[in-house]
Amino acid sequence: MEKREAGELANQLRLKIGLTWEDLASAISRPPVWTAAAILGFHPIPADQARAVAELLGLEDDAVTAMQRQPYRTADDSLRSDPTIYRFYELLQVYGPAIKELIHEEFGDGIMSAINCNVELGRVAHPDGDRVRVTIEGKFLAYQW
Amino acid sequence: MEKREAGELANQLRLKIGLTWEDLASAISRPPVWTAAAILGFHPIPADQARAVAELLGLEDDAVTAMQRQPYRTADDSLRSDPTIYRFYELLQVYGPAIKELIHEEFGDGIMSAINCNVELGRVAHPDGDRVRVTIEGKFLAYQW
Amino acid sequence: MEKREAGELANQLRLKIGLTWEDLASAISRPPVWTAAAILGFHPIPADQARAVAELLGLEDDAVTAMQRQPYRTADDSLRSDPTIYRFYELLQVYGPAIKELIHEEFGDGIMSAINCNVELGRVAHPDGDRVRVTIEGKFLAYQW
Amino acid sequence: MEKREAGELANQLRLKIGLTWEDLASAISRPPVWTAAAILGFHPIPADQARAVAELLGLEDDAVTAMQRQPYRTADDSLRSDPTIYRFYELLQVYGPAIKELIHEEFGDGIMSAINCNVELGRVAHPDGDRVRVTIEGKFLAYQW
Amino acid sequence: MEKREAGELANQLRLKIGLTWEDLASAISRPPVWTAAAILGFHPIPADQARAVAELLGLEDDAVTAMQRQPYRTADDSLRSDPTIYRFYELLQVYGPAIKELIHEEFGDGIMSAINCNVELGRVAHPDGDRVRVTIEGKFLAYQW
Amino acid sequence: MEKREAGELANQLRLKIGLTWEDLASAISRPPVWTAAAILGFHPIPADQARAVAELLGLEDDAVTAMQRQPYRTADDSLRSDPTIYRFYELLQVYGPAIKELIHEEFGDGIMSAINCNVELGRVAHPDGDRVRVTIEGKFLAYQW
Amino acid sequence: MEKREAGELANQLRLKIGLTWEDLASAISRPPVWTAAAILGFHPIPADQARAVAELLGLEDDAVTAMQRQPYRTADDSLRSDPTIYRFYELLQVYGPAIKELIHEEFGDGIMSAINCNVELGRVAHPDGDRVRVTIEGKFLAYQW
Amino acid sequence: MEKREAGELANQLRLKIGLTWEDLASAISRPPVWTAAAILGFHPIPADQARAVAELLGLEDDAVTAMQRQPYRTADDSLRSDPTIYRFYELLQVYGPAIKELIHEEFGDGIMSAINCNVELGRVAHPDGDRVRVTIEGKFLAYQW
Amino acid sequence: MEKREAGELANQLRLKIGLTWEDLASAISRPPVWTAAAILGFHPIPADQARAVAELLGLEDDAVTAMQRQPYRTADDSLRSDPTIYRFYELLQVYGPAIKELIHEEFGDGIMSAINCNVELGRVAHPDGDRVRVTIEGKFLAYQW
Amino acid sequence: MEKREAGELANQLRLKIGLTWEDLASAISRPPVWTAAAILGFHPIPADQARAVAELLGLEDDAVTAMQRQPYRTADDSLRSDPTIYRFYELLQVYGPAIKELIHEEFGDGIMSAINCNVELGRVAHPDGDRVRVTIEGKFLAYQW
């Protein structure tokens, strides 16, 4: 079983059983975005946590093995046009150069790491309609020879 | 003069004079990410603020007109591979499906608006090296017929 | 069963039984364009309506589950060249910039929402041959920080 | 002078003078979407109307000639990602197959013409925020050997 | 069974039985190019004719149903590079602009319909080697608002 | 001066003077499609005919030289989406495989030459509206080792 | 069975049995490059030769039928990057324009046929290491109306 | 002056003066394909030979410098569709896998070098029409760790 | 069984058994990068070594045959975006032109062979965190006619 | 003046004057690969070193400013097909997955940094012909939340 198949299967069982991603995240004591990404196939899941997820969802052993495997975290461009995901690409299109300018202004020549990095999703109440808040925090890495 | 040319010119003058984006943002009382994006050509700048920017940077009248014009906010795919910008695309590649799952879990069927939305960039001190924090906050829009 | 497979199956049964999309739309009290899009896999269908569709068409339980699931509304570029669909892309090619100009002239800087939006299809009688009328109506969203 | 250059020039002069597309449309007694599309370079403009536009905007003779020329109405894919235009592509992505189904159900095998066709843009007042309405009406053409 | 699968199956049986496309075309009283295109999956075939084809070739009922279905006439770009097909693309590359010029010169602003249109293939004897003749005839449609 | 620039210039002068492609074709005793293609830059024009064209249109010597030069007859994909040209691509999409089948049925394994080939455009009167007729005739070339 | 599947199967059996392409070519009295191309699916193989190949390799009847069928000789771009094949694309990249210049200089306006054409592969002994020699020979076809 | 500009200029002067590529090749004692490729910008030309070419064609010093420079031998995909060049790509499409099979059968695992390699173009008289012969000869390089 | 399938299977068994690539490399006395590449399907593996690998991992005979087969070493672009692999593409993007300049400065006109070449991976201890070292060493090949 | 223009100008002057990249590198006490990359436009060059380079090459002030500017290090895909550069892409195609496997085996889940990284080029004498050696050394970064 491939890692992403295991993720798709886990997701179907999760919906059937009626567990939220938050429930799974609590069960393995990991943040929700990491948990969802890892189960969907984008991170290797440590053995104990893979087994815990499997028990909650009723997954077989080969899914446990698949969840532990080192993934290829490759781009699936076919997902990019999904409206919920696309809006984030549009934000990079509109604000990407501004973000680059401000990173260099504040930190100098370098990048925000996408490896030593975490992502959080929250809800912000607002009278005109609640807002989604996504916070990304990654280590600054200077270009260094 | 095209809007993005005006932005490139403004940026060169900004560096020559030694003004930061933060300086420009304060001068027109707008947030730094908005200010940088707008001057680089991604937003129409209200007349007063366009003139204030022009005065600070020594820009001519046609640049003031260009800064006020309604832009095409089109994608410039050639910028995507710049390492500082690319890391954000990589994050969407790795965490995009997880973010989609959690938005739907928390808010139901819909999207985070990229129009009614703001972006902020900050520095977080950390013993292992300071961190870049990007906060995106947009109104949730439910699919609604 | 994947959501779009369920849609393809539903469509085949619909033709076999001899029901129109209008029939299905009436049966679940939803507009025809929404109904066709949703059954083909582009919207989650509320449980009651999914069961009603399933009963009419003789679909199994896993199709009912699939119809309720949150979809990826991704682009299927292979459909774009179908002549019936392509004509709409050609219209955007020819009239897209004009529509953009007039939206900004009338409403200011912003977009017509594709989320809070509805689409209707009708027939207009005409001596030289009847005409197809497509009406799209979406909420204006101003760029707002 | 190329046709689209003439259009860009006309647009800049229009903004400088402070004329709306509606003003230009009235002046030549043509609908606004047609007028904007034609001036931007997507239709040949009859001689009288080209001269009328030129007089209003102060355009030279070569622009008048360019406006009359038969255009290449080719796709400019770089515009597609502009958020105001993109939402219409997203609508085709989500509703294209449904529209195709309903055209065939109502009219049989064929297409809505994009040649014998008109497009209108309007504003619909709404308590939750005004709405953009786009109406497309084209002759149905049956596949006919 | 999908429409194009039915076409592939029909074609294999046709070869096995030893029937030409001309034979099939005569049997259903339709022109050969239409007949081949329709059986290969590019047109819906009326019920009587679908049954006649099926009887000649020994096709099952689900193929008859598939042949009647409304097709997606989408582009299969992988076929384009086949040398026999490619030569026609090369002709458009070399003569497309000339054809456009002459259509506009003779008919004014508009297109040759690809919907109300027929295509015929013939052989022209020639001392240096026989020639293929392809005749395309489609209704002129004027751009009309 | 590049060959296609010379073609663009010739075309502008042709329109200014009020000559049709037919006029130019008669003047050099060549068929209209060949004449338009050659002047637009897709064929080398023999010296006498290049000079005759230049005299009629008032072209300079370097344009005469450019018209005689051996061209690169490369594809300009940006023209493909022009509606007048696109309809021919759509025809290949819909009828290409049928044409291939019938060429092989009639002539065996091989192709219709796009080099030893001619193209003619005509008008066919029709009560429902006149029709465009395009006739392509090329030598059959058998695959031959 | 598809033609290229038959070719893949034939190739596997060929290796298992220990026959070279040269052996197969001799057995059917055809040149090696033609033989390999034809068996891999790029030419229809005459019935006698298809049966001879099948007998040598132990192929079933449906493979014999597949080998006789008229192929789509379409491009498989995924093969292009194989280093052994890629070097030939690189040669066209570096020497293509030079070859074009010299063909026109020697033969005038036209092409080397890829249909009436043959290809041969040989070994040339050389003190610094043996050399691969590929000889392509095709009929010159003049552009002819 | 860029290397390929120098090549284009050299080619125009060559035609004006009436020199063939063969003439230039003899003048610098290099094979014709190498000479044409090098002058068009695909090889650095040794100083003496660059000066000899410049003298024959009347080129200025900066062209001499440009001809000596180390080139980027990058692909210009826009040339690929030129019919004279395209036929060679089509040959690789049809015979590439066969050539690969036969190289490995004859030489083992490795490639024909495109660096230590030469290309020759000739004319072969033939009663049905003369033939173009292209001979490519490159050193075999074994995969070697 | 295809070569890359055999590689995927071998890799799964390797993980299950708990053998490292280093273990496999030692067992067949080949360098680790070569061993991993070969087993994953990028090199033909000599019969003895293929059997040794199969014995260690418990692979069947058809996998042994697959491992010995001559591969297509084609690009799998879908892997390119994996972050671990992507960083090497980014290095070529940033340092490719510099490497080209220095190869030509040191060796003259030519290339580093990717065929007669080896790659080694090592760990370099460093107080700020250990470093990955990749060493590539390939024969210089001069452009030679 | 744009950063890459300044690099192209610097390179032309460097060749004219007869300085090697090694000379420039020594003059500013930086490694050769870094120096070439930086001057060609891929790194900001500190003010002192930019001035030192400018003095050696006779560059004007605006080039000094351009060399100091923060670059967009975007991919220039048109360079990828240059044979000297392409061989490195081919190596990633063949050895990329093996390198990924071995990095994870040795270091765990993470990447080799392309930011905190250096590249060195050397010559290795060899009886069969000297070899190019490229050494890449980058910090290992573990995936870390």
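Per-chain numbering from 1; labels A, B, C, D, E, F, G, H, I and J assigned in written order.
Convention: contacts are C-beta pairs under 8 Å (C-beta built on N, C-alpha and C of every residue); 3 or more make two chains touch, one makes a residue touch a chain.
This is a predicted model, so every value here is computed, not measured.
Novice: From chain D, how many touching-chain steps at minimum until you land on chain J?
Specialist: 2
Novice: Once you find the CA centre of chain E and the CA centre of chain G, what distance in Å lies between them?
Specialist: 30
Novice: Any idea how many Å lie between the Cα centroids of chain B and chain C?
Specialist: 33
Novice: Taking each chain's centre as the mean of its CA atoms, how far is chain F from chain I in angstrom?
Specialist: 51
Novice: Round to the nearest whole Å and give the separation of the Cα centres of chain G and chain H.
Specialist: Roughly 23 Å, centre to centre.
Novice: Would you mind listing the residues of chain A that make contact with two or more other chains?
Specialist: Within chain A, residues 34, 72-75, 79-83, 90, 93-94, 100, 104, 110-111, 113-115, 117, 141 contact more than one other chain.
Novice: If we use the touch criterion from the header, which chain pairs count as touching?
Specialist: Touch list across chains, by label: A-B, A-C, A-D, A-I, A-J, B-C, B-D, B-I, B-J, C-D, C-E, C-F, D-E, D-F, E-F, E-G, E-H, F-G, F-H, G-H, G-I, G-J, H-I, H-J, I-J.
Novice: Looking at the complex, which residues from chain H come into contact with chain J?
Specialist: My answer: residues 65, 69, 72-75, 114-115.
Novice: Of all residues in chain E, which touch chain D in the complex?
Specialist: Touch list, chain E to chain D: 30-31, 34, 43-44, 70, 72, 100, 104, 109-111, 113, 115-118, 141-145.
Novice: Which of the residues in chain F come into contact with chain E in the complex?
Specialist: 11, 20-22, 32-37, 40, 42, 73-76, 79-80, 82-85, 87-107, 110-114, 117, 119, 121, 123-124, 126, 128-141
Novice: Can you name the residues of chain E that touch chain H in the complex?
Specialist: 81, 83, 86, 90, 93-94
Novice: Would you mind writing out the residues of chain D in touch with chain B in their complex?
Specialist: Within the complex, chain D contacts chain B at residues 15-16, 78-83.
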